[in-house]
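The following pair of complexes shares a single chain, subunit A, combined with subunit B in the former and subunit C in the latter.
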Partner chain A sequence: MKTVTLTLNKQPELYLECNDITPDAFAGKTPAEIAAIEIWEGKQKIPLGDFFTVEGSAGATPAETKIVVAGDCTRVKRIGQQMTDGEIVIESDVDMYIGGWMKGGTIHVKGNADSFCGIGMEGGELIIDGDAGHHVGAAPRGEWRGMKGGVIRIGGNVGNDTATFINGGTIVIGGDADIHISTHGEGGTVIVKGNAKGRVGGQMVKGEIYVFGTIENPLPGFKKIETVERDVEGVQAQFDHFIGDLGERHPKSKGQPVYAHLYVKA
Partner chain B sequence: MPKKIENVGCPYCGVCCDDLVVTVSDDGRKVLEVENACAIGNEIFQHASSEGRISLPRLRQPDGTYKDISYDEAVDYAARVLIKAKKPLIFGFGSTNCEGMAAAAKVAEKAGAVLDNCASICHGSSFLAIFDNGYPSCTLGETKNRADVIVYWGSNPAHAHPRHMSRYSIFPRGFFTGKGHKGRKIIVIDPRYTDTARVADIYVQVKQGQDYDLFNAFRTVIRGEDIPDEVAGVKKEQILQVAEILKKARFGTIFYGMGLCHSDGRNHNVDIAISMTRDLNDFTKWTIMAMRGHYNIAGPGVVWAWTTGYPYCIDMSKKDRAYMNPGETSSVDLAMRDEVDAFFNVGTDAGAHFPIEAVKHLKKHPWITIDPNICMASEISDLHIPVGIVGVEVPGIVYRMDNVPIQYRQVLNPPDGVISDEELFERIHQRISEIEAEEGITQTSAAAAGTQTSFVGE
Partner chain C sequence: MSEIIIKNGFVFDPLQGIRGDKVDIAIKDGKIVETTALTNPKTIDAAGMTVMAGGVDIHSHVVGPKVNTGRLFRPEEKLFQNIKKTGSRMEMGTSIPSVYKTGYDYARMGYSYVNEAAMPPLHSPHVHEEIRDTPIIDISAMPVFGNNWFSLEYLKNNEIENNAAYTAWLLRATRGFGIKIVNPGGSEAWGWGLNCANIHEPVPYFDVTPAQIITGSIETNEYLGLPHSIHIHPNNLGNPGNYVDTLETLKLAEGYTAKNAFGRTQVMHLTHLQFHAYGGEGFNFESKVPEIMDYVNSHDNITVDIGQVTLDETTTMTADGPFEHHLRAVNNLKWANVDVELETAAGVVPFVYSANNKANAVQWAIGLEIGLLAKDPMRTYITTDHPNAGPFTRYPRVIKWLMSQAAREAQMDAFKHRDKVIDVTNIAGIDRELTLYEIAQMTRAGTAKALGIADMYGGLAPGMDADVAIYNLNAESMPSDAEEIEKAFSRCAYMLKDGIVAVKDGEIVAEPAKRTIWVDVKVPENAQVNRDIYEHFLKHYSLKLENYSLFEEHLHNPRVIEVNAAE
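Showing the complex of A and B:
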């Protein structure tokens, strides 16, 4: 694997939109060609080299390309959007849409990420060491087929609207989650290691949620059916098992309704 | 002889009463009498003929005062601000006609601006819910003629839409509702005991911020499942009682307002209200409607969805494609994050309605107000361009809260020389083209440059 290092050397007046900082766009290019890739600041198109110094070289394919982004990227959006393979490491905090519509490969953010990270995700792995904003792994606006696959790991807390319309894949939150987890969910798994504020699994049809801490305002549409022993993320524990959302429609399988499952550590 | 003009539309709230009778003076300059309007509707007509209207654009001078300039100079200034800015924001449109909105959209597209309307700080969350979950709605006429159960949830028409109850919901005798209010059940759900709640048959006091949980409880019992003894501060017995009334209605409408759109969860509160409406259609006919605030705030949603594909928060900075994602492309967020570098306040008062921090950020850059009136926004602007008052001095199409288009009339002449929003935006559009041609500025177009840039979800 070959490594390209980008260093942000000046701050934009507004924000930079860099959806072509991906192994897919960099693979097979020389540093000069990479510096010529266009990024946006508002309505202006600028060569990437105007804001970033480019060092190292890209691999022949996305799978053989690793990108390290250094410098303060708090005003940089859309890194790793739609990437299919390879690796990105972001050394600082970063703005919105990191790993949006991602299909493969890995992204590792060493700081915090703003909202909409991993939205519409289909595959690959997105790791945020710090906190993330709202809409982690959620569906884009108006899209009723949300996250399909892949893994998102957030070290800290997240805002609201995690995993809206989730269909598949796994999201692990190390800290607490604000309101709305897996709203309209039709599959997939969300694990909250801290506390959840409320509206956990509202309008949820299928899928699983695990909460290690407490739920401040549990929804009336979830009914406790048993207490079970589970091994979740390497932790063996007793969980209260709820089914729901009983207010929502549910498909049938072999004559039996299929529910969403909520496990709260007993 | 004073002139009586009938079937005049009221340019105030989303009820869009179109039965006003306005008497104007001989010279067409003064409103003498307004019949049928409520107090706030009456006021807008009186205001038009009041003293102190401004009739020329005003440009801020280095010493902080305003100086009158010509419309040509104002148009040139506005065009140059739009060309120079990397990401201008054009916001407002609470009080103008669809013709003005269409012209503004042309300008926004040409200038690579973000185009947004007051829904962004109002019913925008309704749009998001509707994208996600559909909109089983109806017209106000259907409610008037058919509904025997009305729910006002988080809305207070007694104050915000004064003639809503008398024209459409509680009191009118419609085709199948000949008994008027005697044949109707009114349910008000609100954390506050409002003046609307006073006229209700049933008042449900939901805990503030827990509407979603209460909807969830209703949906659960409507499906025949059990719920806890109390949800969101409401007793199970009352939830069961109301659920029975909803199921047994012949025709029902839920009118909801800011109580859902502006409490925790926002679009999700509306979304689950839509889900409940759909559930109830397994039993009988139920509909739902957003209590839109201004008389034509439904207009930009309709006009811009038609011209750009999106109703609000439309980022056209990439010129050959539009993109929308409230949270990022919504006006207050753009302002708070310092993401725009020019601001057009059109037919609204962002100075009064935006958080002060957002106003401070916007004030770092050129701020242009386009509005008939002196308001907080006009007083902190770099340029204030007056326009005629739609529905009083300028005719045009407006969309009522149920998305029914209504032709509004002109009853007065605007102050001498004052032009309409539509003409102003057409002239700005024209001026941008002229300046670009003179200075050889070419459009930034990704397609023309043949880049591999791709934005998903657009």
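Showing the complex of A and C:
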């Protein structure tokens, strides 16, 4: 594994759209070639080297390439978009769409990430040490085929609309979640270690949600059927098991209706 | 204006009976002229290429509120795909392309005219604003009549003259082209959450049957002598067993002959026949194309278009509100559905047609059977009911399937349920391969004649619009690989609109002015209809009569076809 270090050396007037800061785009390139990759500020294309100093070197393939992004990246968007392999470490807070549509590899954000991180995710691992904004691991606007796979771990709290239309994969939230979790969900798992505000699992037909704390406003479409013991994220505990959303359609599998499952720590 | 001569090409012009001969096409001031009329023309060398008139699409949904609803609620169609700028405006979208992409893509395929299949009269300003913004291609739009309160009441009482006066008024108010009927009676019943189960079941609260609506509309159309015939999307779209209703609907045309000054010979155009040719029940539906095409082939006062399923992800949209609501429950995707006051309804639902789905594969076969069992290609036309059965950008693929048995077999071999599909269809036993002449009949000559515009569009005779498509296909040695046919029809070598080269080597190079075509009918003054219109607007419409008719500034570059029914 070879490492390229990018250091943001001035703040953009608008926001930088850096969907080509990926191991896929960097692999096999010299630092000079990497500095020549074009990024967007507003409607203008600018060489990456105008904003970042480029040090180190990229590996021959994405899998052998690690990118470290240093400097204050709160106005930088779309790092790691559609990446398939390799590793990215972002040392600071970062703006929207980090790891969007990622298929493989790892992204580690040491600060907070703004909205839309991990949207349309298909594989790989996205770790945010701090908080994340809205639409974490959600389907892109209009799309009904949401997150398919991979893991998203948020250390802190998240905003609204986590995991909308989730189909697969896992999202673990260390803190609290605002309204709307797994809306229209058809698979996958969301684990909230803190509290959830409300509208948890609305119109969800399949998949699982675990809430370690409380749900401030639970939906009437979920019905408690039992209390079970579960080992979740290394925590052994009793959970109240609900099925739902009873207001939705219930497809059948082997003659049995399929429901979404909501577990709330008893 | 400059002069152009297109030399050495293989010309296919069914309106003049030209079957691939090397004929020079002369153009002056935007019109086709005799070659002797040219003095110093620029030459386009079409050696080794196929020359046809600009394509004429008889049925496509390209402008208006339901198309735009589709555009708005499918942003995912524009994500990472099909966004580009080669003409003067950005292009985007796939099954419901932006207005600009719509115009450019039709031009790239060599089409110069599109008939918008369903204009909700109340929303005609929106339709015309999008017509204006769709570049290059000339567009007409048919207002929807079959569920309109005025028409239902007049036709219930068999008041053809009154219905004709109202029709003439509405065509003028909306700058419309002809009489479109969608699920007659059924879309109105949908206002009460109901439908019409067959063409003899009265429309709830109106006491008129779909059959009466259809025959009354034929009589109205021929009384007025409109360029186009009634254009009908019959009842029970998509329901297995519906071929019975389709045959009964077609039989309603018996005894009627076309009365018009535009060379049209049919009294009924039945659209997207593929959706209406199903036998069997439930998911075990089967092809009834031979029964239907036997009838169509032997009755020359009928025309049809195919509505070919192209096996793509697309967006369905029709004025058939109850059908779209049914579709929503089939695939559980997002949906939109509206009732348009006294006039019509509409629904929009995304749909994924898959080669792995038996029903979709059967639909594919049924569509092609219609084209292949057609005895008169001047009366059977290529459409995909864009975007309902597939995007119009797949016409070249449909042409490939119709022209190549090998291409059809390759597609059938890719079906997950190949044998089951073959069991319930006739496609495997058909070895017919359509010729370039027949394709020209099905895509321009026949459609222009059926629309009553064959004096301007669809052919290359002197005096007609100089709309010409030149395809990279050598008619004397057609490619053995059918993919080359699809490629040639997708991106034409040249497309000329009004004598201006708009497309060269498949790319937009100029954007000549486009027109709005509409039909202005003179009828005798009719005090009763005037009063009915006034009263209905007073009591039932949400807006005033004065604000209803299209304002002149909405109408873009009009070409009006005048009809006199007052004498």
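Quick note on the criterion: the second predicted complex is superposed on the first by the 266 of 266 C-alpha atoms of A that agree within 3 Å, B and C clash if a C-alpha of one lies under 4 Å from a C-alpha of the other, contacts with A are read in each partner's own complex, and residues count from 1 in each chain.
Note that in this section a residue touches a chain if its C-beta (ideal position, glycine included) is under 8 Å from a C-beta of that chain, and two chains touch if they have at least 3 such contacts.
Everything numeric here is computed off the predicted structure, so don't read it as measured data.
Participant: Report clash or fit for the pair subunit B and subunit C bound to subunit A in the combined superposed model.
Facilitator: Overlaying the two structures gives a clash between subunit B and subunit C.
Participant: Going by the contact rule stated at the top, is it subunit B or subunit C that touches a larger number of residues on subunit A?
Facilitator: B
Participant: So, A:G247: does it touch subunit B (first), subunit C (second), both, or neither?
Facilitator: first
Participant: Contacts for A:S115 in the overlay, against subunit B (first) and subunit C (second): which applies, first, second, both or neither?
Facilitator: A:S115: touches subunit B, not subunit C.
Participant: Looking at A:K66 after the superposition, I want to know if it touches subunit B, subunit C, both of them or none. Which is it: first, second, both, neither?
Facilitator: neither
Participant: Check whether A:H261 is in contact with subunit B, with subunit C, with both or with neither, and answer first, second, both or neither.
Facilitator: Neither partner.
Participant: So, A:K206: does it touch subunit B (first), subunit C (second), both, or neither?
Facilitator: A:K206: touches no partner chain.
Participant: So, A:K193: does it touch subunit B (first), subunit C (second), both, or neither?
Facilitator: After superposition on chain A, A:K193 lies in contact with neither partner.
Participant: Which positions of subunit A sit in both the subunit B and the subunit C interface?
Facilitator: After superposing on chain A, subunit A residues 140-144 contact both subunit B and subunit C.
Participant: Name, in rising order, each residue of subunit B that touches subunit A in their complex.
Facilitator: Against subunit A, subunit B makes touches at 85-87, 112, 128, 131-132, 210, 212-213, 215-220, 222-223, 225-228, 231, 264-265, 268, 271-272, 275, 279, 317-319, 324-328, 337-341, 444, 446, 449, 451-457.
Participant: In the complex formed with subunit B, which residues of subunit A make contact?
Facilitator: Within the complex, subunit A touches subunit B at residues 13-15, 19-20, 25, 38, 40-45, 81-82, 96, 100-101, 115-116, 120, 134-135, 140-144, 160, 165, 179-180, 183-184, 198-199, 202-203, 217, 219-221, 223, 245-248.
Participant: Could you pull out which subunit C residues touch subunit A in their complex?
Facilitator: Per the stated touch rule, the residues are 73-77, 79, 332-334, 350.
Participant: Once bound in the complex, which stretches of subunit A touch subunit C?
Facilitator: Touching subunit C: residues 140-144, 249 of subunit A.
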